[in-house]
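Naming follows writing order (A, B, C and D), and every chain is counted from residue 1.
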Amino acid sequence: MDYVNVRYTDKKPKLSNPILIEGLPGIGNVGKLAVEHLIESIKAIKFAELHCKDFPPQVFINIDGTIELVNNEFYFWKSKKKNQRDLVLLTGDYQGLSSQGQYELVEKILDIIEGLGVKEIYTLGGYGLGHEIENPRVLCATTDKNLVKIMKKHGAVFKKNEPGGGIVGASGLLLGLGKLRGFYGACLMGETPGYLVDPKSAKAVLNIIMKLTNIEINLSALEKKAKEIENIAHQLKEIEGLGKEKSEELKYIG
Amino acid sequence: MDYVNVRYTDKKPKLSNPILIEGLPGIGNVGKLAVEHLIESIKAIKFAELHCKDFPPQVFINIDGTIELVNNEFYFWKSKKKNQRDLVLLTGDYQGLSSQGQYELVEKILDIIEGLGVKEIYTLGGYGLGHEIENPRVLCATTDKNLVKIMKKHGAVFKKNEPGGGIVGASGLLLGLGKLRGFYGACLMGETPGYLVDPKSAKAVLNIIMKLTNIEINLSALEKKAKEIENIAHQLKEIEGLGKEKSEELKYIG
Amino acid sequence: MDYVNVRYTDKKPKLSNPILIEGLPGIGNVGKLAVEHLIESIKAIKFAELHCKDFPPQVFINIDGTIELVNNEFYFWKSKKKNQRDLVLLTGDYQGLSSQGQYELVEKILDIIEGLGVKEIYTLGGYGLGHEIENPRVLCATTDKNLVKIMKKHGAVFKKNEPGGGIVGASGLLLGLGKLRGFYGACLMGETPGYLVDPKSAKAVLNIIMKLTNIEINLSALEKKAKEIENIAHQLKEIEGLGKEKSEELKYIG
Amino acid sequence: MDYVNVRYTDKKPKLSNPILIEGLPGIGNVGKLAVEHLIESIKAIKFAELHCKDFPPQVFINIDGTIELVNNEFYFWKSKKKNQRDLVLLTGDYQGLSSQGQYELVEKILDIIEGLGVKEIYTLGGYGLGHEIENPRVLCATTDKNLVKIMKKHGAVFKKNEPGGGIVGASGLLLGLGKLRGFYGACLMGETPGYLVDPKSAKAVLNIIMKLTNIEINLSALEKKAKEIENIAHQLKEIEGLGKEKSEELKYIG
C-alpha cells in the first residue's frame, strides 16, 4: 500500500467536463453533511476509495457486524439536462492527521480528478462563529477574481478578513495546491456555532450549490435533521442554564 | 534496519492452511494476555521477531540482567488432531506509536503471514466499559457477513453500534487492510473495565477461541491471575472508599 | 510536489555577489516585520515561492476574495551605488512545523541562494525578554570570529550566555547548516518583550542593516506602527491593572 | 544532508580493538557528564560530528560569539599501557526527538563504530529515583549473560526488575540494536534523584569505568561540581521548606 492508496471499487467513470464537490469532516461537519446529503439525493455512484497511512489506524463496524477500513470515497453523477454538468463527489471519514498527510492526500486527489477531466473544484466546509446564528450566511473564497462575481450572484458572501485565519485542511488545500496546477474553483463556508453537527448550515451551503449546478436537491432530510439538532441544543442549553443558576447561588454563599 | 524489520530466530515453519491469532497490548491488555496464555498452554514455538522504528527506543531487562530490544514476536503451533488447524500466533511489547507506523507494521505482518499460507485472521482485544462487569461478554466484528453467523454460534456477541468508535490499532487494521488483500476473519473484544490488566476478560475471549479451533486450553493460570487482580481491585476500592469518606468529611468542614 | 517545492514566479535574477537577508515569523515577529519593511522600502521584486509539506495545510484569503497557499517568498534588489551590494530577501507565512521540516526547508533555501551566488547571510529575529524594554539592543551571533568585530562596529551587542538557549528555527539553522557548506554571516536579534508584534525592535534591527548595507531605509512606517502597538500595550496594561485592583479587593473580602 | 549526517573534522583514527563509551543527555545528565569529564581528563581527540534532522533546529552560541549547530561528537583516545584498550567516546547536545530519529541515529552510530573496529559498547546514564541518595549505586544491564559476572566484579549492581521500565533512549538502543548486529556490552546507570544535573552519580559511574578500562581518571573536577550542586540543592530545599511552613500556616487559617 502506498502512503495514499486509491482503489477503484467500480470502473473509472467517463465524464464530460466534470466538477468536483468536496465535503470532508470539519467544523460542524458542514461540508461532510452537505456532500453526503447531495450524494443521497441525486443517487451518485461510488467508484473509488482512498486509504492513507496518515488516517487513524481504525476500522468502523457496519450494522451487519462487518468492518470497514476508514477511508475517503469518490462518487460520480452524470448530468440529466443541458444546463447541468457531470459531478465528482468526495467525502469520507477523516482528513489526514498531520500536515504532510494533508498535502500528500490532496496531491493524490488532484491526480485522480485530473485523470477524470476535472478542472473546477468546489470545497464545502463550516465557518465556526462560537455563538448561535439564526440564518447562517455562506462565506466564500475563490482561486480567481472573476469567480468572486459569479459566487456573489449565487448568494455567497465575501467579507474582508473573514475567515481571518484563512482556510485550514482539505477544503483550503484543494484550492491552494490546485491553483498551482491550473485548477480553479471556490470554497463555500457555512456559518455555524461549531458545537454540534450543523445540518442547517449544510442546507445553506447546498442552496448555493443548487444555483451553481442547476441540480434540484431534496433538502427535506437535512431540514428534519436540523430540527432534531435544534432540540438537542435546546435541551443542552436548559441543562447549562440550570447549572449556571446553581453556580450563581453558590457564588452568593461562598 | 528497515522501518519494520523481520528477523527469523528459527527457520520459517511449513504450515498447512494456518490461522493467525493476534494479541498485542491494548485496553486491559486482554488480547496480549490471551495470546501469551495460549502460547504457553499449547507450547507454541517462537520463530520470528519484528522490530520497528515506530516502537519506543527502548530495551527491557530480563531476570538474568540481559537486555532485549522491544519487539513483536511470531510463534507457530502444528495441529495434533484432524479437526484442528495449524496456528500462527502474534504478540509483543508494543503497537506502533504513530498512525503511519501502525499501517506499516500491519502491512509487514500481512506480508509475513501471506508467505506462511495464512488466509484467516483472528484478532483479540478488550472493549473498555469504564465500569466493572461480572460476566464479560465477547463482542465481535468480522470481515464477511457469513462469518457473523459462525462467530455467534461460538458465543460471540454482535451489538449494533458497539463499539461505536470502531476498532483502533492492530486488531482493527489487520482485518481492515487484510480484507483489501483477500484475508478474512474476525476481531474478538472481551468486555473489561479497562483500569487494570484483565485476565477474566482474556479467559472469556479464549473460551471462544477454544470452540473456534477445537484446541483444549488450560485456563487455570489465567483464573489464578484473575483472582489476584480481583484482590488488588478490591483493595484499591477500599482505599478509594476511605478517601471518599474523608473528602466528604472535609466538605462538611470546609 | 516535492517535500519542499520552489516555484519561480519571475525569471531567476542575475545578481552580483548578493547578500541574503532573512526574516520569518518568530518572537515578536521582529525578523518578519524588518524584512517585510525592507522589501517595501527598497521596492524589492518577488521572484520565487517555497511551499512545504511541513507548513500548515492552509490558505490565506486576500482582500479581493482570492486564496493564497501559505508559503515563503524570495525577493531580490539590485544595488544602486558602488558601496552597496545586491540583495536576496526571504520572508513568509510560516517556518517548518517539525524539526525535520525545518532542516529540509533550510537545506532547500541554501540550495537556492547558492545558485544565486550568495555567500553571506544575515538572519533577523527577536530575543524575548519577558519584560518591557525602552531601548532594545540588538544581540548578535556570527559564523566566524572576524565577523564579531565588524558587527560590533555596526552597533550589534555580544553578551556572554545570551541568548542562553541559542537560536532556534530558521535564523539559527541558516547559519548553522550554512556554515557547514561554506556560507558565513550573522544573526541579529532585537530585544523584545515578546508579547506583541514589535516594530520598535524591528526598527533597531534595521538600523544595523542600514549600516551594514549602506542602504537608506525609510523607517517612518515602522515608527508609526510602533506607536500604534505602544498604545495597544498601554490599553492592555490598564485593563490588567484594573483587573489586579479588583482581584486584590476580592482577596480582602473572600 | 542525509537524515543523519556524519562529518569528519579530523582524519578517521586507526584504532586497535577499541571500546565505545557513550554518554548523551538524559536523567540527571549523568551519562553526558561522565563522558565529557572522561574526555577532558584523558585529553581525547575529537574526530567527527553527527548532525540529524531529528535534532532540534538550533544553534548554540560559543563564548567568542560564534554559533555551533547542535550535534553529537565522536572522540578517540589511544591506549598508553598494555592493560588498556583504545577508546571511542560519544557525547553531544541532544538525543533524537522522535522514536524513528532515535533508531536512525543509533543505526548510524553503529555503522561508524563498526568501521572503526569497535565490538564492545558501554553506555552511561542515570537511573532516576525521585528521592535523594547518599551513596548512589550503579545499576547495570548487559547484552550477554557472561558480562553480568564481569560487571558485578567491577562493582555494578544487578537488581531484579530495576529499572522496571527498561532503558529508554540511545543508551538502551545502542545495546539493543547493537546486539542484533553482533556487538556486546553493558549499560551503567548511576542512581540519581533526577532533579538536577548529578556529578556525584557521574563519579560513581566513572569509578566503574576506571576498573573496567584500567585508565586513571582525575575525578577532582567532578567532585568540585558535585559540591556546588549540593549547595544549590540545599538552598532550594530551604526555600521549599519556608514555602511549606507558610502553606501549613495558611491551612490553619483557611
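Just so we're on the same page, a residue touches a chain if its C-beta (ideal position, glycine included) is under 8 Å from a C-beta of that chain, and two chains touch if they have at least 3 such contacts.
From a predicted model like this one, the values you see are computed outputs, not experimental measurements.
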{"item": "Type of chain B:chain D copy interface by residue overlap (half), same or different", "value": "different"}
{"item": "Angular offset of chain C relative to chain D [C-alpha, multiple of 5 degrees]", "value": "90"}
{"item": "Inter-centroid spacing, chain C versus chain A (mean Cα positions, whole Å)", "value": "37"}
{"item": "Contacts with two or more other chains, residues of chain A listed in rising order", "value": "none"}
{"item": "Touch relationships between chains, expressed as pairs", "value": "A-B, A-C, B-D, C-D"}
{"item": "Chain C residues touching chain D - in the complex, by the definition given at the top", "value": "96, 99-100, 102-104, 106-107, 140-145, 148, 158, 160, 162-163, 165-170, 172-173, 175-177, 179-180, 187"}
{"item": "In the complex, chain C residues that touch chain A", "value": "1, 3, 7, 51, 53-61, 63-70, 97, 101"}
